[in-house]
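Heads up: the structure comes next, in C-alpha cells.
Going by the order they are written in, the chains are A, B and C; count residues from 1 in each one.
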Amino acid sequence: MAAPSDGQGLILETSGLGKRFGGVHAVNGVNLSVPYGEVRAIIGPNGAGKTTLFNLITGDLSHDTGEIHFAGENVNGLPPHLLCRRGMGRTFQITSVFRRLTALENVQTALLAHHRRHFNFLARARRLYRAEALFLLDRVGLHDQAGKPSGMLAHGDQRRLELAIALASEPRLLLLDEPTAGMAPRERHEIMALVGRIAADTGLTVVFTEHDMDVVFAVARRITVLHQGAVLADDAPAAVRANADVQRVYLGQPVAA
Amino acid sequence: MGPAGTPGGLVPRGAGGLAVLALALALAPLALPPFFLQLLTEIAIVGLFATAFNLLMGFGGMVSFGHAAYFAIGAYTAALLVKRAGVPMLLAVPAAPIAAAVGALVFGFFIVRLSHTYFAMLSLAFAQIVFTVIFKWKGLTGGDDGLLDVWPPALLKSPVAYYYFTLVVVGLGLLALHAVIESPFGYALRSVRENPRRARFIGIDVRRHQLVAFVVSGAFSGLAGALFAFYNGSVFPDFAYFTKSFEPLVVALLGGVQSFWGPLAGAFGFKILEWLVSRQWPVYWPLFLGTIVIVVIVVLPQGFVGLTWGNGWRRRLTGKA
Amino acid sequence: MSGLSVGMFLFLVSVGMSLIFGVTRIVNLAHGSLYMVGAYLMVTLTEILPDRPWAFWLALLLAPLGVALVGGAIEAGLLRLIYHRDPLMQLIVTFGLILVIGTLVLLAWGPDNKSVSRPDALAGSVRVFGQPFPSYYLLVLGLAPVLAVGLWLVFYRTRWGMLIRAATVDREMLGALGVNVAALYTQVFVFGSWLAGLGGALAAPTVAVALGMDGDVLTTAFVVVVIGGLGSFAGSFISALLVGLLQSFGILVFPAVSIVLLFAIMAVVLIVRPWGLLGRPEA
C-alpha cells in the first residue's frame, strides 16, 4: 500500500502520552508528530523512556494518559497484532527472532501472517512465499544464510533478520528499537544506510532509537530528545546539536558554540 | 530431516522407512499372535494421543497436564452414542473428536489465558473436573462402574480386524496432524512457541492461535479415546484421571518432542515397557513409571531431549529478572 | 457449617502448597499425596494405639509429624537436586511423585477404603439452630481460629516467619544477606508437609480414607490457589473458606454440579484477575 508523499499528514501522532510505574513517570506527557516518509530518531540517556514509549505506541503496554493516532485513526488500546495489521511494524531492543526456525522460515512465517493465511491448515507452508522471503533476505544481506536456524546466526545477522521480518508485514511505519545495539560501528552504518534506502524506496516512515550519534546524524531527518520521560527537544539535527538543554543533559554542561 | 522444528517436506525424508514400516504393520497379523496385535493396537492409539498432545507441547510450546480430559470425553461420547442412542460405531467414532473439540474449546478458552505453570495447573484441574463429573453423574455415565459392553460391530470385533481398523484411523489421524504441522497454521504456531511477542508483531493473535491449536489437539485426543473405548470394550472414569494425563507427556518426552514421529516412537517404547513390567508386577507400574521419570530427569542434565521452558519463564512467573 | 470444616482442610493444604511455591518456586503437585498420607497414618495410628481417650489426640499429633518427616525426606533426597532446573521438569518430577507415593500407599495399606473413628468425646452431635451438627466439626471449627492465628503469629511475629515472607519476595537478596536459604527451603517444605498432613489427619474421621484422596484434594486445592493467588497466604485463607462453603452449599442445592459451580467461579476469577485475588501478576 503506497504511502502518501512527504508532508501530507501525520502517520503517527501522540498527544500527552503518559505512563506511570508506581511513582515514576516513565513517559510523561509526550507529544510526538511524525509525518509520512520521515526518518525520525528518538534519543536520550538511558532510562529516558525510549523503549517504554515504543511499548506504549505499539500496544505492548497500556498508557495511562494521552492518545495515539496512527494514520489518522485513534488506536488507543489496540493490541499489537491489530496494529501490525494496520501497518505498524517493530523491532525489539533485544533481538527477537524465531530462534529454532531457519532464517527463511522466519520470513516466510511473517509473510504468511501478513497475507492472513495463518489459519490455513491445508497448504504446505514450506513452498509458500519462498521467492518473496528470499528477496527480503537478500535485501538485508542474508541470502546465503537462508537455511540456517536463526538462533545460530551472528548477532548482527539476527538483527538484519529481524528487520526482514518486520518488512515482511509491509509496514507503513517502522519502529526500530536500538536497531544497531551490539553491532560494530561499520555494521551500524551499513544497516542504517540500508534502512534509509528502503525508506526512500518505499516511502516507509521510520522511527528509531539509537545511542550512536554518528548514526543518528547521518540518517535522521529530525530528532526527538527524551529526558526523564518527557520531550526535551524536537527539531532538525543541527538545531538539536546546538541545543543547550540537550548538551547539558548529555554532557553535563553546554558546549561552547 | 528438515531444519530444526520442521521435519519432512512434501514427502517425509524418511518416506522409505515409513513405507517399510507400513508394510510391516500390514503384514503383522500373519506373523504375530493376537496378543501382540492387541499390543500394537494399543501402541497405535497411544501414539495418536501422544502426537496430538505434542502438537500442543512440542510445536506449540504449551504443556498440558490434563489432556486425559479430551481422551475421556472422546471415549465416553462414542460409548454413550453406541450404548444409549444406538448409533452405529462407524458414526460414533467420528463424533468423538467433535465432542472432545467442544470440550477443548470451552476449557481451552480459559487455559490459554495463562502460561506455563498456571497453564499446567489449570489444565490438570479441568481434567479432574471431567473425572469428577463422569464419576458422579452415575445416571448418564455409569459412574464408577463405567460403561460395559462397548464393542465394535461383529465385522470389526476380532483382534485382527480391529487392528486394521485402528491402523487406518490412526494413520489418517497422523496424516491430518502432519498436514496441520506443515501448514501455514503450523508455522505460525511454531513462531508463537518461539517468541509470542514477535509473533504478535507479525500480525498473529497469539491467544486465538493457541486456542485453535488446543482444540485441534483435543479433538485428535478424543479420537484416540474413542478408538480405545471399542478396543477395551468398556470405558471408566479413570480415563480422565490425572495419571492418564501423564501418559502422553512421558511418551512424547521419551520419543522426542521436537519431531513429529517422536511421540509414536515413544509410544512403542513405553507400551513395551509397560507390558514387561505389568505382567510381572501389575501393581508396581505407576511406581515404576514415576520413579523412572524422576530418575531420568534428575540424572540427565537436560532432562529429556527437547523441550524446556527456559529461564525466561522463571522471570515471568516471579515477576522479576 | 460443614463447609467451613472442608474449607479448613483445604486451607491447610493450600497454605502449605502456596508457601512452598512462594519460597522455593516449586509447585508441589504431590501435596495432595501428602494429605493422603496424613489420613492413612491416622488410620494406622488409631489402630495400633490402645483404646484410650487420649489415643486419638496422640495420633492427631503424630500423624502430621510423620508426614513432615516424609516431606523432609523428599526435600532432602529429591527436590534439592532440582531447584535449579527448568520449572517444567520440576513439575514433572512432582507429578511423578504422585504416582510413587500413591503406589506406596496402596502397597502399605491395600486397596480397600479405610476409616477413622471419631474420638468418643466428639462422636455424637449437638444441636445448632435446631439442626443436628456432628460434634467433630466443632473440633475443626475450634481449631480453625487457633491455627489461623497461630500461622499468622508465625509468619508475622517470628523471625523465621519474616524470613519466609522475605524469601517469597526476593530470595536472591536473602541469600546475599547471609541467610542460609537452603536450610530455609527444607524448613519450609517440612512445614508445608506438616500442614498438609495435619489437614489429612483432621479430615480422616470425616471422609472415606481411600486412594484417590490425593487427586480430589489436589484439584480443589488448585482451585483455591488459583482463586487466592499462588504465594499469597491471605489469599489461600479467604479462598479456601469460600471454596469450602461453596462446595457444601453446592452439594446441598445442586448436588451433581457443585464442582461445576467451583469451575465457574474459577473461570470468572481467571478472566477478571488471572493471577488470583491476592496473587502477584505474571510479568
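In this section, a residue touches a chain if its C-beta (ideal position, glycine included) is under 8 Å from a C-beta of that chain, and two chains touch if they have at least 3 such contacts.
Keep in mind that what you see is a predicted model, and the values were worked out from it rather than measured.
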item	value
Chain whose averaged C-alpha position falls nearest the assembly-wide average	B
Far-end chain from chain C, centres as C-alpha averages	A
Distance from chain B to chain A - Cα centre to Cα centre, in angstrom	42
Centre-of-Cα separation between chain C and chain A, whole angstrom	50
Averaged-CA centre spacing for the pair chain C and chain B, given as whole angstrom	31
Touching residues (chain side chain B, partner chain A) in the complex	2-6, 9-10, 179-180, 182-188, 190-191, 194-195, 197-206, 209, 212, 258
Complex interface listing, chain C residues touching chain B	25, 27, 29, 78, 81-82, 85-89, 91-93, 95-100, 102-104, 106-107, 170, 215-216, 218-219, 222-223, 225-226, 230, 256, 259-260, 262-263, 266-267, 270-271, 274-275, 280-283
Residues of chain B touching chain C in the complex	63, 65, 110, 113-118, 120-122, 124-126, 128-129, 131-133, 136-137, 241-243, 246, 249, 253, 283-284, 286-287, 289-291, 293-294, 297-298, 303, 307-310, 313-320
Complex contacts: residues of chain A adjacent to chain B	58, 60, 79-81, 84-85, 89-90, 92, 96-102, 105-106, 108-110, 112-114, 116-128, 147, 149, 165-166, 168-169
